[in-house]
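See the structures that follow.
The following pair of complexes shares a single chain, chain A, combined with chain B in the former and chain C in the latter.
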Partner chain A sequence: MSTPPVTPVPGGRVDVLARSAQPRGRRRNDVFRRQQARLGWGLSAPALIVVGAVTIFPICYAVAMSVTNVTATGNGFSLSGFTGSNYSIMFHAAEWRYALFFTVFYTVVTVAVELLLGTAIALVLERLSAGRGWMMALLLIPWSMITVINAELWYYIYNPVYGILDNIFSHIGLGTPVILGTRVPAITALMVADIWKTTPFVAIIVLAGLVMIPRDYYEAAEVDGASGWRIFWRITFPQLRPTIALAVLFRVLQAFGLFDLPFVLTSGGPGYSTQSLAILAYDAMFRDLDFGPGAAVAVSTAFLVVLGCVLFVKVFRAQAGTEA
Partner chain B sequence: MRNRSRRGWRRVFNGVNLAALLVFLFIVLPLYWMIATAFTAPSNVEASPPQYFPHPLSVANFSQAFSDYSFGRYIVNSVVVAVVATALVLVLGTLAGYAMGRLPMRGKFTVLVVLLMISVFPEIAVVVPLYALLRDLGWLNSYQALIIPYTAFFLPFAIWILRNYFMAIPHEMEESARIDGANPLRTIWSIILPQALPGLFTAGIFTFTACWTEFLMALSFNVANNYRTIPVGVALFGGQFTTSFGDLFAASVVAVVPIGVLVFIFRRSVVSGLTAGAVKG
Partner chain C sequence: MLINAFEKAYPKIHVTLQSAPTDTDTYRASMITTISGGSSSPDVYMGDVIWPAQFGHSGLAVPLSKYLPSSYWSTFAPGLVQGATYNGQVYGAPFFEDQGFLYYRKDLLAKEHLSVPTTWEQLEADAIKIKDAGLTKYGFVWQGDSYEGLTCDFMEYLGSAGGTVLNSSLTKATIDSPAGLQAATFMRSLITSGASPAAVTTFQEGNAMSAFAEGQAAFLRNWDYAWSYSQTKASPSKVVGDVGVAPLPSFPGQPSPGTSNIGGWNLYINPHSKNIAADVTFIKWMTSPAAQTILATQFSEIPTVESVRTSAAVIAKNPVLATVPKTRLIPRPAQTPQYAKVSQAIYTNINSMLSGAVSPSAALSAASSQINSAVSSSGL
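The block that comes next holds the complex of A and B.
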């Protein structure tokens, strides 16, 4: 099998958003460049048209739904009159405020834990003398698993009657807690299921970043007699920062759209305690048929995600610029 | 000073290996429990206390998953949707990725950033408008109801991955092909594509996995049992009956195996895609 072109960037720095390198040492005339540009747009057109046609309309329509009076008719929706009431209903709903808090809290905690655990796992695997390939392959299994199946699996593990976790708890004298029936344990249980599935993803990204750090940095540090802890904070961590930033971005955006896992594992319960923004929007639109307020929740969630992405790109480009 | 040449028992029983063992158990135990339950006799699946090691081993759950539920149908649906969408993404993504990675187009950076935004856009915000659109077209409960949205929403990420691979290919060969008079599509096909094959694998596996696991759109657009994909089938397994976890995990093992094998075979591509492919500039 041919190896992918993983060329380490000098200094191990990885630039997510580097512009494509222009062919060097050759001056091209304008006509040729224009011709090439036309060709480029021609080749991109089919993909851009498909993406645009299928994504732009729904995005605009969702925004429109969130600022109008929406009524479901026999053949679709009718949007009438500009109104801010959908958003004002949303802002005044305790459910939305809780869902926002829960989604942010959930995202922060799971991403932080996954980052710590994932980095630890990557450091362990990097030092592992044998079986690294197998461990990597193993790590990919939870990552590639259907989230719904992951949720069903943990539902079975947490079951109060025949679940294995309560059985283990009772063996070590912790009693048999009703895990999914009470708020804090249910939230924790949800997080554990998520952490199990996505920590391997973080670990693999970090491991690939680790491998790209030049060996001589470590050798120099060891000659200087630096401690392992110091080496980690002075060499490994700074070199890993872009990789970690990327992993965090992916995970934060993904966690913020949290839907599949609570939909199956807890149905947002007990009560509303594991109701994420996406579940709230889904229930509002598909169950209660409150299309306007539901769209307001969905659109504001999307807005937060896009905002996060833009901020990341800005900060990252600025940082890459100062380091270059 | 670290002692690098460890001897005797310390070579096996050291901190690193112990930690690796913990990692191994953390990942494997839940997987073991799923597989063990799938092979437990149906009457023992809900035994309390649970059987840590299924006895007797049984494949009854597997036959039930296919006979009592339409699991075979769900697999066919998932395969059709994922394969067609992945093929479309690769064809369109290769053309666009090549252009974005190698041709001097003004404004392509803006396009790439917009694509990045679309690829992270939460599905929940577009599900209802897409539902209305598909209903107007009479496409609810059909393969295209999933193939078209999947192609559109998973294309941006594939374009990013492919672009990064295309950028890394040296320009010299392409130029000599051009001087020899080969047309652009021919150059892509015979010069660039063979060198970008690992990138195509990576993008393909990512797209396939995304299609295979997608839940929200599949749940909303294809309500008819005949067009449900695996995630929806699994989520609604209990539905009108009580959930039979034995059948459910037998079905899940069948659903996890193909993608697991695929990912295992192409683990290098997946790893480089998770990192270099998506990151490297």
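The block that comes next holds the complex of A and C.
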């Protein structure tokens, strides 16, 4: 006997960027709205000016630096002449190409693993009746930790002299592994530290999505006799998609700016193997005083990550559209 | 204490001490942003010996030779003022010096009937012998991580082998030479022969120091502070009373002892300072024999003034200060404003080579081409 098809879910799609519903009493509503908007802008203007000063100005300044000849002088930066040489230096540098590859690779792997683990944890947490609050509090500890401190803690584990791993390995007679000094283990070590810290974030976002799925769907599916696996793929997962998309967006934005972990754990080594784009930009600017090329790295990184996110949202929407 | 003494001598000048980050790269970044942002404070700042070219080039420090006569500069130990010079101007007054030393375990050498090694090969053999006898976990520990410290260590092997990083006009890399190859090949052999642990490629000063102070290593390459660190019961040292210090070894057929890399700190003046006359007075006093004697005898720092370095009171203070006059110094190629990139080309490639990812000759040719593009300002 074949299983009957699972009842299709009505109105199950929530867009990542929520769109307002069509207003009914259009004219009056519009006037009211415009008034409201004006008041809103007025009230938030002071805050927006501050935000503008501390975010938009530096962003514009970085863009300007990336296309001019910048020199640091005793009297501040001097920007002169429009030039493409900063970008040309960047594109020709093998270090930049490697850093780009490393950052993308790192982002894809960590976000994928965090998503898998986070979703699994969320599914368990949702079923947990007693002690869910405690479990969530425990889970939040890694997430609430400052990244640099997280990195320092992992350094205690990876340290080759007094590290915990080193100790365990030598006790069970496996010799002393050179974790942070060999390429593949060093990259893996950074990923593990990142995944440990940010999986709870994904888990909690996914959990929030899970609890919002109406119970009736599951009841209906059970009445229809669907298997657990089928329920997950046909109900839970589609319902979770907007939430997962949100988690992925946040994580990609953050992982792409990878800085603290390699800064503390490997300083980009061995060789260049853990040099991320952010580390490269920092080194170019603040160690070499190459502000122009450094700004070019920073601006292109920002551009790439925005582009990546926009594409992701587009693809996500298109897919959601074909399924509806 | 130095500041109190200064204020007593010059009651009209009041000095406020500001603390700075301990990490030299972080400190440099904060000084660059502070000064290029136009701040007039601090008036006088302490800065690494490798900063003069970069800071002089970017106008982040006042050329002190405009205010101080050559009779003043000749009081310093040879090489130090030259290291603080860029384009014919002296930008930093040498405040205290630092350099590489070889620290060894007197008790373990005696147990194995070994003398203090004077060649690198002998050091390697002794380290293996002591380790294989089960007396220590590691033989020889040093700084092999991918950072500035590895450039310092590499310079010592390179200098001992008679090599240089740049030509005298600072326009072309000379690192990819027989001497460079000898230095690099030897460093890698320390790891492959088991004289140094493979993990040395992740060691900075802290790891090397703690391994030695824990009694896990027979030999240590470190700066002057390693003496007091390994000899005070307050720090977690298990080797109090068992440590000896010597100049670094050399390669056979080369002048002995080997070369010690110059580290240390200079005093610089912020170009925005509103009290340059007072700043100069302060710097002059801090580098006077009186202040330098306090620095050496009470803080165990290596003084920069020649008469103080060789004075009996200072030499009697501890074995490190007594070893100083016997060492041969080598500066890093910091005369170029692109030094930071030159150094990075050295430490990243040597670090890869140490981990076994590339061969010594491949690492040197990569470093050489990166140094060439750095000094011609065409690389990232």
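Throughout what follows, the second predicted complex is superposed on the first by the 264 of 324 C-alpha atoms of A that agree within 3 Å, B and C clash if a C-alpha of one lies under 4 Å from a C-alpha of the other, contacts with A are read in each partner's own complex, and residues count from 1 in each chain.
In this section, contacts are C-beta pairs under 8 Å (C-beta built on N, C-alpha and C of every residue); 3 or more make two chains touch, one makes a residue touch a chain.
Because the structure is a prediction, the values reported are computed rather than measured.
Touch criterion met: A:Ile141 reaches chain B, while chain C stays clear of it. With both structures placed on the common chain, the touch criterion links A:Gly76 to chain B and to chain C.
In the superposition on chain A, no contact is made by A:Ala112 with either chain B or chain C.
Applying the stated contact rule after C-alpha superposition, one finds that A:Asp288 touches chain C and leaves chain B untouched. Once the two complexes are laid over each other on the shared chain, residue contacts for A:Tyr162 go to chain B and to chain C alike.
Applying the stated contact rule after C-alpha superposition, one finds that A:Leu174 touches neither chain B nor chain C.
Looking at the superposed arrangement, the partner reaching more residues of chain A, out of chain B and chain C, is B. Once the two complexes are laid over each other on the shared chain, residue contacts for A:Trp96 go to chain C alone; chain B is not touched.
Look at A:Leu39: by the touch rule set out above, it reaches chain B but stays clear of chain C. Of the two partner chains placed by superposition, only chain B is touched by A:Ile205; chain C is not. Comparing the two complexes, residues 75-77, 161-162, 286 of chain A contact chain B in one case and chain C in the other.
Looking at the complex, you find that chain C touches chain A at residues 25, 28-29, 32-33, 35-38, 54, 58-60, 144-147, 197-203, 207, 210-211, 214, 216, 271-272, 338, 340-341, 344, 348-349, 351-352, 354-355, 357-358, 378-380. Residue ranges of chain A in contact with chain C, taken from their complex: 71-77, 89-90, 93, 95-96, 159-162, 166, 176, 178-183, 266-273, 280, 283-284, 286-290, 293, 297.
The residues of chain B lying in touch with chain A in their complex are 1-2, 16-17, 19-20, 23-24, 26-28, 30-31, 33-34, 37, 45-50, 52, 92-93, 95-96, 98-106, 108-109, 111, 113, 115-118, 120-130, 132-133, 135-136, 148-149, 151-153, 155-156, 159, 163, 165, 167-169, 171, 184, 197-199, 202, 209, 212-213, 215-216, 220, 230-232, 234-235, 237, 243, 245, 248-249, 252, 255-256, 259-260, 262-264, 267-281. Of all residues in chain A, only 1-7, 9, 14-23, 33, 36-37, 39-44, 46-48, 50-51, 53-55, 57-59, 61-62, 65, 75-77, 120-121, 124-125, 127-129, 131, 133, 135-149, 151-154, 156-157, 161-164, 167, 196, 200-201, 204-205, 208-209, 222, 225, 228, 242-243, 246, 253, 256-257, 259-260, 263-264, 277-278, 281-282, 285-286, 291, 294-295, 298-299, 301-302, 305-306, 309-310, 313 touch chain B in the complex they form.
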